[in-house]
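Once you scroll down, you'll see the structures, which are given as structure tokens.
After this come two complexes, each holding chain A, first together with chain B and then together with chain C.
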Partner chain A sequence: MADVSSIAPTGSRIDWAKLRRRTIATPKDTAITVFVAIIMGWLVWLALDWAIFKAVWSADNVDQCSKDGACWSVVHARHRLILFGLYPYDLHWRSTLACVVIILTVVLSCFPTIWSFKRLGTLWITAFSAYYLLMEGSLLGMEQVTTDQWGGLALTLFLFASVVLLGMPMGLGLALMRRSSMPVVRLFASLIIDFIRSLPLLTTLFTAAVVVPILLPDWLQGDKIWRVIIAFALFFACYQAEVFRGGFQAIPKGQFEAGKALGLGYWQILGRIVLPQVFRHALPSTVNMVVVTFKETAIVIIIGFFDILASAGAAFGTALWAPYYMEVYVFVALIYWSFIFSLGQYGEYLKRRMTVAAR
Partner chain B sequence: MLKKVVKAGIVITAMAAAPTLASAESATVKQIQERGTLLCSGHNGSYFGFVEVNDKNEWKGLDIDLCRALTTAILGDPEKSQIVPLSWAQRFPALQSGDVDIIIKATGWTMGRDTELGLQFSVPYFFGGTQFMAHGDLGVTNAKDLEGGTMCVEAGTTLERLAANYMQTIGTNVSMVSYEKASELRAAYLANRCDAFVGWGPNLAVLRATEIENPDAHVILDDKLSSEPIAAAMRQGDEDFVDVVNWMLAALMIAEEEGITSANVEEMTANPPNPRVARLLGVDPGMGERLGLRDSWAAEMIAAMGNMEEIYHRNLGDNSPYKLDRGLNNLWSHGGVLYAPILD
Partner chain C sequence: MQVEELRARAARRKFAIQALLIVGVIVIIWSAIASARINLTALGITSGFGFLERSTGWSYSFSLIERDINDTYTKTLWIGFQNSVFVGFISIVLSTVLGFAIGTARDAYNLSIKAAATTFVQIFRNIPLILQVVFWYAILIHMPGPRQAISVGELAFISNRGVMLPGLNVTSSIAVGMIAFSVLLFIALTISKATFGKKLILWFSGSILALILAGVLFTPEGESILSIPTLKGLRFVGGITVSIELVAMIVSIVLYGSAYIAEVVRGGLQEVPKGLIEAGQAIGLPQRAIWSRIKMPMALRTIIPPLGNQWIFIMKATTIGVAIGFSDLFYIVSTSITQSGQTLELIALLMGAFLTVNYLIAQLTNWLNASLKLKGH
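Right after this comes the complex of A and B.
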């Protein structure tokens, strides 16, 4: 184990001696290093040449586009479609504002000062209502925009945020129920978790979107988007419950007993002793789940939602822009990457913070 | 006793009146009028020429225009149509569950859909032939030359089954690669992921028209697999709604025959050149009542959307980037197969 700690990063400075020893110590090493460097340099050059040097940037000179360089004109002309889907063109400021609210809220909730149940709860409920009121509009006396017109990045963010927000507490609840001492509750939780986990996400969502309206009476159906969010959140919760279960199992039974001996009640033991540790243990897998969920929201395209991938498809789905699908996909990939990379970095930060707390 | 007689009398009068009433009472139309919007099928992305999204994030295309025409006929305003994005696989369940009132989405009229799925179809408004397209440098001229090759197909469409059937019939082995979306299929084909792909005539023409490098690099093979009648699909059980949709399409065709366009419809209404035009445009009343609509529905529809020719050229033909020849989709009087029922 001593080796592992010696590899641990010692800051951002480069250890030149070590680097030299590892890359050009012998003629054979040198040859391999040079060869790999040339190949990689060539690939980078190809990418840059396509994406920047030979690229066309403005929608006005689309006629200069060729197969050699990227035609970013398509992004220039159609970015509002990609970002906001079918949302009415004149009302895009509302969609923009709603996206900013959600992103700000995510950023704000990363600061430790906010981390109390009350503050986080207030923040998210406010942000969520703000998002909904802005997007839907009728309650603020603005023009109403029904949910089937929501789309693009705005819809992807909304789906993601609501699934994780609803799914997290549901997952915790299911995990607690599964650990319950009451057999009925335990059995019920296991049944739900195992049942939902044995179905593909696509089936679950298709059922919620398409089959439920055939079975239920009108007044019980609700909006399609909410049915899908609830089904998605349930799916998320079942996996997250298993992640939490792993966290619970890592905590020695003695801690519960010690808590009881001190005269603490069930909820006090849970809230003050067990859960903080559970979260810490479950953190890496939770970040993983959240990242996967962000990407999985793209599946709603199958049930006719205009998420960012669907609107990207529509962006190059017209005669003028048809040849430039690659540029649109690169643009969407960059959006996905920036969100998921930030999520991952935030997870790393949390882990570091919590390791400090554990010392 | 007297009460009973009166009651029986009422029942008899009601029964006698029923046939005339029934012809103007469609549950779906009533529902649409109460709701104030017509729910139409859109697409989860874009289907060249039929369902697309323009730079202002608004739907456009042949199918969208027909939906708007129907909306104008029923509600008097094309803006009252609400386009619900649907995937191919989702369209029929969505119709059954009431998410949409009608499917106008490049949907072929098949026996299975007509019977097992509980749908009913309007008269066809478009005919598209199924053909293969292959990379020109392979040197293939017909489907037999594709032996041992790969073919891209769109998953879950009639084309997939049709192509598999056809290849079996001519005894040629190809491996099928399926894609969910036309745009993916197209991208895969252009990236040489498959030797050929089965497509529907309009799509192939669109691909060639928009392929910037060299349209001659692709050949459309001689084999003709089918000519699919494309029609609007509705839920079984509301024949009166089918009547409305059929006569909406008929009115567009009659308008073309009579030379009524969005530009001259007002003039024609003020001064109808013949009794047929007078009837169609509601100058001579009666058309509306039979369908449970306003007498002026056709005139309003043509003013808003134009006739069949205008709708075609705007989306697929001369005024669109695709410049697709009308061919079979012309009126019977111009060598096509579109014809309207008789307006009496």
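Right after this comes the complex of A and C.
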């Protein structure tokens, strides 16, 4: 396969002839197009009318809010709570910086220049440490903020980053175990992968939060948040292992044999011949898995974490803001949507490039 | 000689690793049991399934069968399981139907239809399911009360106490029988040799005919066939009342699930070789026939395996009911844990239930896949 980054993107100029042929070529098509356009236009108009034209924007004139338009005052007044949860108000700059670090890391990871095991690993571990140091603070000589005060978008991003960072090597490990030549190792990996994949994520996380403390001696239990992160990472790893398995299957067996014939050991063959190709094959599905993981982090609200969904609930939890739940949910949905949509589009773009490259 | 020695060494190493793994797993399980014993004794909980016979003493939001606050844990858990399977089944059926429609629209020749379908998928697929559930629930709970309920043609009503729909005047066992008939008809048609369009028509007309027949045959003497909800005092009587938790669950899971299924269907339709479609056009088949006789039958073979995964996903997604207080199995189990403290037993039951249901769905998918396989391939 050619280098993915060296292939020019396919043209994206609008093909007017095609557009015309496939919208208004026949009377029937024209009728359908007009009908769909009217319905869509009407829906868009309703949405814009509510969200923009009739909306109230500032927190100072809440009294002007009505049923007809959005009352963005609630977001204006409560956005800090939504984004940072119960994190001390004066220290919000630390939370902001920490979020920026994680978002930048995700953006940077999208550039092909970073796609080597070493660089990606360094980037993510550095970013994660930076996040933790900033948020926790005591190691940098700042005021200490314990994890139970973390919340909102900052907590969601923290869960996301730690799950991906821990889950990726675990997934690789499980994938390697599943294709091991030792039957017991193989069976062990298959059992774990199939078991976790058959259970709802919520069950796995709930088990980590509530059941594991019973099964472990006191000194091994650790914080609830870490138990849940490890369980979540295991969930991620089981799905990611299957993604890697697909990547492994794409590599001809001859390559292992060639490596062996050259006298290379197992880890050398793996690290220098097989894995670089596996990663490349698995890339689009991996991006997809990362997107899904980001979306699934929202579920931690159920086991009692103050993530962005919980802080959203708190934002309209007072008598003054209670009628404006819709605005808060739309705001949070937009945050999720923009992350997930842009990452998803990036995954689609990678997939297209890979297919072009494979030809 | 040397080669054999090396081989023997490798074999010994492999044996050692595997033995170590087995011993490790045994040690972990054994120490987990030991700590569980210590921790449970400290909490004063006797392990075992004896608690299943005790009565619960707490209430919850929804059940398909008669329930009482003094029900045993066995019955309560059974109701939770029924609720999960019920929501899962309805959501699977509806999102499959909607998903096929939208997936087909995603592949439509007319670009405006395609754009509308793409918008739908991009909106509902890219927002976390749990956010969608709480969103719909919040909207429903802010609906007006029964007296100011929003009326849909005086037949159905929407209020903050639920959605009231007109229903047949039949007992619930007959209703279950009708659903079973519809499912059986669906399965029978799936493996029959009729074209896809014909199957759809047969299934719809068969189900509706059964509906009418049941209405005519089993309506109690002196009552109308349709039972329409009417406001009496502060609440509605007659018809079918669907609680807002159930509506929020089904609406959100169906929108989310159908967006995913639409992608699966679109993927399948795109896999159909262009030559086959062009051949259809060349012999003058209309668009509809190309879809139902060439595209869909071919695409189904690629669609079924990932579709099965989506069904399992939807089944697992029913656990989010706990976020809005719908009494699905997860909700019942977690409440039982807080109330009785029998954590290990209840979690084991919860896991067992999901493993069983998901295994059955996987088997169904495999069977569908095998029965659709092109003969001779």
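Following the convention adopted for this analysis, the second predicted complex is superposed on the first by the 330 of 359 C-alpha atoms of A that agree within 3 Å, B and C clash if a C-alpha of one lies under 4 Å from a C-alpha of the other, contacts with A are read in each partner's own complex, and residues count from 1 in each chain.
In this text, a residue touches a chain if its C-beta (ideal position, glycine included) is under 8 Å from a C-beta of that chain, and two chains touch if they have at least 3 such contacts.
Source: prediction; values computed, not measured.
Superposition of the two structures on chain A shows chain C clashing with chain B. In the superposition on chain A, A:A319 makes contact with chain B only, while chain C stays out of contact range. Once chain A of one complex is fitted onto chain A of the other, the partner contacts of A:A37 are limited to chain C, with no touch recorded for chain B. Of the two partner chains, neither chain B nor chain C is touched by A:K260.
In the superposition on chain A, contact is made by A:T203 with chain C only, not with chain B.
Residue contacts after overlaying the shared chain place A:P213 against chain B and chain C alike. In the superposition on chain A, A:R352 makes contact with neither chain B nor chain C. By the touch criterion defined above, A:F188 reaches chain C but does not reach chain B. Using the contact criterion defined above for the overlaid structures, shared-chain residue A:G304 touches chain B, although it does not reach chain C.
Contacts of A:Y336 after superposition on the shared chain: chain C is touched, whereas chain B is not. Within the superposed arrangement, the part of chain B that overlaps chain C, taken from 98-106, 134-142, 206-214 or 278-286, is 134-142. In the superposition on chain A, the residues of chain A touched by chain B in one structure and by chain C in the other are 206, 210-211, 213-214, 301-302, 313, 325. By the touch criterion given at the top, residues 14, 17-18, 21-22, 25, 31-32, 35-36, 38-40, 109-113, 115-116, 119, 122-123, 125-131, 134-135, 138-139, 142, 312, 316-317, 319-320, 322-323, 330, 334, 337, 343-344, 347, 350-351, 354-355, 358-359 of chain C touch chain A in their complex. Residues 42, 44-48, 52-59, 82-87, 89-90, 93-94, 96-99, 180-181, 183, 186-187, 206, 209-213, 320-322 of chain B are the ones touching chain A in the complex.
Those residues of chain A lying in contact with chain C across their complex are 19, 22-23, 29, 32-33, 36-37, 39-40, 181-185, 188, 195, 198-203, 206-207, 210-211, 213-217, 295-296, 298-299, 301-302, 309, 313, 325-326, 329, 332-333, 336-337, 340-341, 344.
Within the complex formed with chain B, the residues of chain A that make contact are 65, 67, 77-78, 80-81, 84-89, 146, 148, 206, 209-211, 213-214, 224, 301-306, 310-311, 313-320, 322-323, 325.
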